[in-house]
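One structure is given here, and the rest of the page talks about it.
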Amino acid sequence: MSHQVAFIGLGNMGGPMAANLAGKGFAVTAFDLSEQALIRAAEAGCATSGDPHAAVVGADFVVTMLPSGPIVEAVMVAQGLLDSIPARALIIDCSTVSPDDSRRVAKAAGERGLRFIDAPVSGGTAAAAAGTLSFMCGGDGADVDRARPVLGAMGANVFHAGDHGAGSVAKICNNMLLAVHMIGTAEALQMGVNNGLDPRVLSDIMLKSSGCNWSLEKYNPYPGVMANVPASKGYEGGFMVNLMLKDLGLALETAKTSESAVPMGALAQSLYAMLKHSDRELGGKDFSSVLRLFQ
Amino acid sequence: MSHQVAFIGLGNMGGPMAANLAGKGFAVTAFDLSEQALIRAAEAGCATSGDPHAAVVGADFVVTMLPSGPIVEAVMVAQGLLDSIPARALIIDCSTVSPDDSRRVAKAAGERGLRFIDAPVSGGTAAAAAGTLSFMCGGDGADVDRARPVLGAMGANVFHAGDHGAGSVAKICNNMLLAVHMIGTAEALQMGVNNGLDPRVLSDIMLKSSGCNWSLEKYNPYPGVMANVPASKGYEGGFMVNLMLKDLGLALETAKTSESAVPMGALAQSLYAMLKHSDRELGGKDFSSVLRLFQ
Amino acid sequence: MSHQVAFIGLGNMGGPMAANLAGKGFAVTAFDLSEQALIRAAEAGCATSGDPHAAVVGADFVVTMLPSGPIVEAVMVAQGLLDSIPARALIIDCSTVSPDDSRRVAKAAGERGLRFIDAPVSGGTAAAAAGTLSFMCGGDGADVDRARPVLGAMGANVFHAGDHGAGSVAKICNNMLLAVHMIGTAEALQMGVNNGLDPRVLSDIMLKSSGCNWSLEKYNPYPGVMANVPASKGYEGGFMVNLMLKDLGLALETAKTSESAVPMGALAQSLYAMLKHSDRELGGKDFSSVLRLFQ
Amino acid sequence: MSHQVAFIGLGNMGGPMAANLAGKGFAVTAFDLSEQALIRAAEAGCATSGDPHAAVVGADFVVTMLPSGPIVEAVMVAQGLLDSIPARALIIDCSTVSPDDSRRVAKAAGERGLRFIDAPVSGGTAAAAAGTLSFMCGGDGADVDRARPVLGAMGANVFHAGDHGAGSVAKICNNMLLAVHMIGTAEALQMGVNNGLDPRVLSDIMLKSSGCNWSLEKYNPYPGVMANVPASKGYEGGFMVNLMLKDLGLALETAKTSESAVPMGALAQSLYAMLKHSDRELGGKDFSSVLRLFQ
């Protein structure tokens, strides 16, 4: 008998994640406010429901993939979904939220005798479709282990970062660092070009030197250096500036709360905010378009 | 018959580089102002000379490894070494200098009919001793090819970055990017720790995620995460704060000259200057000690 | 017959503010959790109460001066003080809180038919004692006018910034700008000194030139340039680093919420966080001690 | 008998400065490479010369106002003007140059027995025309005193900052601080507007509070807040972005040379470089247009 999974939130990420679960043999009941999203989920083999309270009936796992922490909290607490979830179910929140948000929902779940882990993802829509996401989990080790079959059906890596909220902390730290080396890479390449270097040659050199980083290796921001990256396709697709700006906002909030000094991370937030303001259309472009600030 | 190499400048980098050349069968005549350095060079199999003009007699290659661009220019032009170098010799300047400095010396050499390339290195004293340096070369392609046997005896990689000065540009861009991702890595790790994460676990997660970069992979700045890196040895050894500050100074100068915007690079220079000012002793510690600013 | 004022929160700021109100003839009933604070308030001519619900009975004005927005909200909503305040009273919140916090409390007050303005202050403990604070008010113009006699007894300036929350926005913008020019002033003075200038002479020049700003004019951060400022008294007294860091945290939160780009403000937050981390004792020193980062 | 002044460099600043000297009764012989500039100088009452060596014959004072330090050095040393200047003349260099440039020219002058002061100006073209410039002087006190009548004919303030180069240091520190508080003011005003405040109201509040600074008081960057400033005239006129970028380049160079930490100043250089790159036309607009980065 297969495991019952209730999947709440079928957007650009949640839709393909639920489809992968169904494709791997889980019995998925999917919920979203969008009729369109429900139709696509049904085509992918999910049962669907227009009511989240109905969707969680009989669930072994409840996976949530929602746009923000306040929305997760509203659905779970204010709208009372926690009161409908069966006692045996494990709640897996894959949304990108602040550590404090994670901890508050974990606490509310615990007060009702429910198990909860935060499990935000890294990898974007392409990895969601391919089932190669990374999950950064916070919560009890036994709960993370229990979630592994479910997460493994949607991704390639499952990390246990620590207690409740630690998954969110890890996600935020990683994406802050990603923003920093992406901007640093863009600065270095453009300064090289301004001084007469070919961006391909400079990229090759830095790839084999101490400047090497993920942005340079997988995601070169200079148009024409790598095929099949957003920079070579007018910065279409990929990971939107708006989403990076959201993640950097969570980084600033986390820095504020913990009185952490993140000068590079804070500058990154400012630069992405400037990028978005410089041309409203850029908010929907890939985050490697930050190179444009330096051209 | 082996090639004659005159080697000018036998410091922490130049000393082992000259020794490697001699060890690989080149006939090296070494010069330095320090008697001690000359004794060590002789022990490594170099002929030595207390006069640079005598050292270059009969040379096929003149390799310079000096502390700064103004010193290279003073030795070559003001002190007239260019007038002593034989017409057939190729000059290879491995010093870290500004692109403008490189171009001026290249021009002065060209006016005397001499060939010149800039070939600054990446890798530090350990790579100098092991003969695994990377060389970033600027100048004519034929000259770079002619230098390959010499450079190959001292290093593992030889890159041709472009025209005169391009080697210096590539070195400066690479080290600026290195500083940026080192600081970004330190910020991310410390913010994680401030929020209760284990720096080893967070490092593992980011290594397999989009935050991955050379600092995290080879040179983790958090004490105790990796063995055998400066962070786990009281920040001793490695690449000194003072030297990183010098390279970032060259980056600012290059940014100024080319009116490039390098917000992350400029912030890195300020942070390293603050680090040095916070405790004079730190200037001689490894550059991964920048983590201390955030603790 | 004099106006009845309930004063909630008798800390370093609230204590002298309540005393000034009593000294100017208002009938003040003061509340704080601290017995000591109540004794001092009684000595200054206030009636006192150990119960906030009792303190607001019969009040025409309820002034709150509490450590943070969540505390204001907890007192007003969760602990139900809004339900004890008489319908005719005007609530004046002088606490430094986020604009969203202000708006939420204003809304909760409005739902109970109560009038509310946010009125955070500028000027510090010295101005609180001297009765020369500035109040930045958000809310209805008629309510601000009604508050003027009360605020005028505690301060020298009353500004109407706009709707609910606008007082908090103005306070946050002002203090962010203060942090920026204080740090800029410290950088400029120290760079001058590093290049051989006398900080007094350089201060005089910039005071009469386009670099002029409040920090330079009233609050020179270089020891010995001005008498009677914290910099000349070991950075004792004045406006603590911890408080500036709190205000800059509110600035980051406001920037995040409104997707504003504040690169200088964000850098200021990082620098104050580094300052505090560099030496825990500095958190309690005056904010002009940021100069030490550059020495 | 009036003093003889040779004036070298009749650009946007030098032209009106020479005219003011002539108008105040000095016997001015003016030189520039531009025929147009010479015609205007003649109309203003100057004698003119197409040869700088001829222009300095018989001079009591030689005033230079040239575009950069290397140009000053080229004219004085390489082109040999120092060898033509009479022994009794005092050289007053009003150009904006690096402190090292000033010191090198001072040394070259001294070697020929000539007196020299650096005297860069603050105030822009409007102050040059009105004769209300500020001069920041470096050199011997007696020489500065001797220059006062000449400088007083062109400006309102004469400061003695210290030894040779100190005038340039003071100018650079002041303008760096100006850039910092201008950007800080723009950030604060825009964040206020993004949160619903009227920029006029917020400006009024901050003018009377601790955020007060020269940019806010004399040069508000938000369009429509002050009449007769560049922000209210499409950012036309005033102090060009290109010139601020040049001054910030000198600040970075000075920070590099003295290993000073200027995080705000370095960020300012990056932001002005980004501003210029965002729209080439902006290089010729007033520096208060930095607000556009945040809109």
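The first chain written gets the first letter, and so on, giving A, B, C and D; residue counts start at 1 in each chain.
Quick note on the criterion: contacts are C-beta pairs under 8 Å (C-beta built on N, C-alpha and C of every residue); 3 or more make two chains touch, one makes a residue touch a chain.
Everything numeric in this text was worked out from a predicted model, so none of it was measured.
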Listing by label each chain that touches chain A and chain B gives C, D
Along touching chains only, what is the step distance from chain B to chain D? 1
Comparing which residue numbers chain C and chain D contribute to their contact, where sharing over half means same and under half means different, the two sides are same
In terms of mean CA position, the chain most removed from chain C is B
Taking each chain's centre as the mean of its CA atoms, how far is chain A from chain C in angstrom? 38
The distance between the C-alpha centres of chain C and chain D, rounded to whole Å, is 39
How many Å are there between the centre of chain B and the centre of chain C, using C-alpha atoms for each centre? 51
Would you please write down the residue numbers of chain A that are in contact with two or more other chains? 255, 259-263, 267, 271, 274, 277, 293-294
For the protein chains shown, what form does their contact graph take: line, ring, star, complete or other? complete
Quick one: in the complex, what on chain C touches chain D? 99, 122-123, 134, 136, 157, 159-163, 165-166, 169-170, 172-178, 180-181, 183-185, 187-192, 194-198, 201-202, 204-206, 208-214, 218-219, 251, 254-255, 258-265, 267-268, 271, 293-294
List the residues on chain C that touch chain B in their complex, please. 263, 267, 274, 277-278, 293-295
Which residues of chain B touch chain D in the complex? 245, 249, 252-253, 255-256, 259-263, 266-267, 269-271, 273-274, 276-277
